[in-house]
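All chains are identified by letter, namely A, B, C and D, in their written order; residue positions are counted from 1 within each chain.
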Amino acid sequence: MTRLIVVATALVLVALPFMADNYVLRLATTMLMYSALALGWNFIGGFAGYPSFATAAFFGLGAYAGGVLQTRGVPMPAAWLLAGAIVALFAAALGRAILHLRGHYFAIATLVAAEVLREVTNSATDLTGGGMGLNLPVLSADVTTQARLFYFAMLVVAAAALATTALVAESRLGFGLRCIQQNEDAAIMLGINTRRYKVVAFTLSAVFPGVCGGIYASWVNYIDPTDVYDVLLSVKPIVMVLLGGAGTVLGGVYGAFLFLLMEELVWRNLLQFHAGLLGIIVVCLVLFLPHGLRGIGLPSLLSRWRQRTREATP
Amino acid sequence: MLYVQVLVNGLVLGGLYSCIAVGFSLVWGVLNVINILHGSLIILGSYAAFFAYQYLHIDPFLFVPAAAFLLFCLGYAIQLVFINRVMGSPVLITLTLTFGLNLLLYNLMILAFKADFRKVILSPPLGSANLGGIVVPIDRLIGMAFAIALVGLLYALLRGTRIGRAIVAVRMDREAAQLMGVNVGRIYAITFGLGAAMAGAAGSLFSVMFPISPETANALLGKAFVICILGGLGSVPGVMVGGLTLGTIESYSALFFGPEYSVTISFSLLILLLMFRPTGIMGRRGFQ
Amino acid sequence: MILRLADVSRRFGGLVAVNRVSFELKAGEVVGLIGPNGAGKTTLVNLVTGVHRPQAGEIRYGGERIDRLPPDQIARRGIARTFQVVQPFPHMTVLENVTGGALFAGGIKTIRQAKDEAMEHLKFTGLADFAARPASALTLANRKRLELAKSLATNPRLLLLDEVNAGLNAAEIDAALDLIRAIADRGITILLIEHVMKVVLTATTRLLVLHQGELIADGSPDNVTRDPRVIEAYLGPKYAARYAPAAP
Amino acid sequence: MTLLSVENVAAGYDDVQVLWGVDLDVAHGEIVALIGSNGAGKSTLLRTISGLVRPTGGGIAFADADITTLTPDRIVAAGVVHVPEGRRLFAGMNVRDNLLMGAYHRRDGAAAIRRDLDFVFNMFPRLHERRLQDASTLSGGEQQMCAIARGLMAAPRLLMIDELSLGLAPRVVEELTAALLKINATGLSILMVEQDVLTALELSHRAFVMVSGRIKLSGSSKSLADNPFIREAYLGVPSAAGVMP
């Protein structure tokens, strides 16, 4: 049964760009981007249970890495992938440095990482154009073709993130990360190399947002530090995963779809108080989440999902 | 001589900084909640002082207790209505909640006060004092004195009073505190209220010395992060040490690298601290 | 010689938790370690398993020095422990809890094989019919057995049982004793950290007594329970009269 | 005259019910022991009486007042003081402040509290020696003394103690039981949950035996000590042999 649903969704996703107008296409591309960000975050936040607010840092670094490469003549697909690689290296180094921290300390370290990167990008004017931002080479294709190109690019990244999530969920890495999330002290006693597993999860949580950043830079053609390092890029994916169901494979995707739909409706009519409304949405989601996530916390979602899939698949 | 002047500037600034961070450290240390609202609460205190001065002609320094009381009530209500419902939840939930609340408060302030900068201009400006060649603006000197007095007051309250002991007891073992007859929900609200009161008081002092606008809220929050981790969580003296250290570092970095780098330097310092000494200079278990 | 501690010491702030402790364990021995709360027993286990590093002295396991290694590498070399305060993976099933041990330190390659191996250990410890239940739903006695099953799944050569019997009643203790004997029969060396004198006296061939971080006795259960220093520091006169046979 | 009466109480955590129709009572000035293996629900019963756990059935009355659904702080004010399992002193606070925390709910003035402080200090001289020391640096036995003293500072009419002897050297347990007898002599009723059945039966007037959340047996401690079921299950003594191993 689930296999039928997967095939149907894939068909719709592939056919969409040829049917939808540019507004719906832009919305769909944004949803795919945030799905990739949410799925990325889930590796460290959902699986390992580490409260990471680093997605904005990875996204921003990917945007600038991709952007700078393109201004140096590197073709788009290569620039995107290189951006992903650069961000992965950065995440592995940062992970090794801060993953001994837990709880609030780790959260603050990741929050501040984005701030430091934004400041560094701001002051490296010759490389990044600093505060005035960076213009990327304009594409020669017409508007619709461009819209479809970026839609498919984001679709590929989101699909890759989803596939990796499914793979990790059933692997030793996934099992080890879940042990770390449940009780890290007991996990290391069972022989799990918790340091290496956490760094791998942190790097996975970086590479997808990094590539998305690169694609975003090409898509919007002009980026500046406050835009691509915006802390909302760290918070929105978290709220989406909480909304869709943390620690589950598809949680982030459902969450991204529902959240952006809600934000689009809100945006339509209350432009100037948009961010304030967003605050109210976040507060309500956290306080009154349908899954009653607050009390139980992330893990029980995991085991309930496991029960469901075990019953579903023969 | 220049170095001494820069040191004095740093210490004076640091005194004020410790008042900015002590409320944040109390809420984090006792309630285990990262209060993303803290920067906005300080700015709210500044606006209260600004309007009190403009319309009621109350000197911001005299307005400090009023600002503290107003913010105490707001803080008490925020904790009771919102945050008490998620106490004990994972870090992710409490952090995201205070983030959402801040988005709301921050944008309400932008709506109400617009984004332009405002500053209290005292009609007889206090000018500055010259202590043996060292020039120090008097308003900052008074501000520092107030700040240190406030921090000392909080320290005394936590150590010496019944409510203070209850706050520390709740931090160390919530259930055991309940068994002693402590109403934990009320103590949480009082603690968050105290944190907000310190923010309000700092805001009132701040309004005299620096231009204020909702924009500066995030920078103040960032400073609170650095000071808490630098000084060490769970100790009021630690916050004092953290504040003075940051003030000194920032004034020297402004001298050598230029003022625009001070945030980058303080945040890089924060990352280095988190890597090598997350407990900070005076971190400890209880909360003095 | 499977384990050797030489002058191992560890302080926490001003408090000396373990002070110049030295002893050796021969392969296959079942040795008891007793002492009042706060004597340093759990700290000693944490030192051997790499949770803490000794500030002085050396720990050798099968000739190799291990006091610098992280806990996961020590676990992979065949040292397993149970936690005094039980540490299950609360929201994972009992079977998944034990699978973790087999999959990592136990060196089993795939999750499926590890699950089968884990089921064997559940049967051995009498938890087979709780396999699908979440660990958080177990009674304390069964959680202690889960700790045992998890550490056995790591295929250890040396097993440190930290108060695996605390809080059990007499009947449950008898069952635990049989289990410990069955484990010893497999040739696994056991260090039994205990309060319950009944278990220590019947299960062990040798007894170490720790008091305020120092080893004050090391010998057969009979002469250790008659050692005046042990009686004064730990057992108390009334106990001595009740349990230890009259001094010769 | 009954001081505490627990009638047909049911309680548990989320989906797991632990207590089933529990009846128990403590008379004025009496020492009552609640014995049973760990996980039998003994601690849950104390936590239900002291309000940490809300019962799902039955009722609890103290000095003829219904305290079934009161919050812990109101129950302490009524005079029911619960010394929790594992002692749980406030680390980062010295011994004296821990004791003063015990008197947090009291409204009878500083003089009365100072008087009680002197009382507990001369009952447990070692606590007076270590009064300015951080509570977490005390030995196991001293921490238990401090926990009991902290309970006394709350001016209890009923003192509930959870696991007096757990983790303590037998020598220290003897000291503590002597102190409890002295406290009881002043007229204070005590309800103690105790894992070491021998100590419990020697110390108490009456005892209740709990098995898997139900009261299976109750009676005078003397009679229970000779009861073959008790000796078999809890004293590990094969009733036939009747001799210690």
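Descriptive notes on the structure:
The criterion applied here is as follows: contacts are C-beta pairs under 8 Å (C-beta built on N, C-alpha and C of every residue); 3 or more make two chains touch, one makes a residue touch a chain.
The structure presented is a predicted model; accordingly, all values stated were derived computationally and were not measured.
For the pairs A-B and B-D, the count of C-beta pairs in contact is higher at A-B. At the far end from chain A, in terms of centres built from Cα atoms, lies D. Chain geometry summary: the mean Cα position of chain A and that of chain B are 32 Å apart. Centroids built from CA atoms put chain D at 52 Å from chain A.
Our note on geometry: chain B versus chain D, Cα centroid distance of 43 Å, whole angstroms. The distance from the centre of chain B to the centre of chain C, each centre being the mean of the chain's C-alpha atoms, comes to 48 Å. If you draw each protein chain as a dot and join the dots that touch, you get one closed loop, with every dot joined to exactly two others. Touching chain pairs in this entry, ordered by label, are A-B, A-C, B-D, C-D.
In the complex of the two chains, the chain C residues touching chain A come out as 49, 51, 70-72, 75-76, 80-81, 83, 87-93, 96, 99-101, 103-106, 111, 134, 150, 154. Interface residues of chain B facing chain D in the complex, by the touch rule stated above, are 162, 165-166, 168-169, 171-173, 175-183, 234, 284-288.
Contacts from chain A toward chain B in the complex involve residues 45, 49, 51, 53, 97-98, 101, 103-105, 107-109, 111-113, 115-116, 119-120, 123, 231, 235, 238-239, 242, 272-273, 275-276, 278-283, 285-287, 293-295, 297-298. Residues of chain C that touch chain D in their complex: 14-15, 36-38, 137, 139-141, 166-174, 195, 198, 201-202, 233-239, 242-243.
On the chain D side of its complex with chain B, the touching residues are 50-52, 71-73, 76-77, 81-82, 84, 88-93, 97, 100-102, 104-105, 134, 136, 150, 154.
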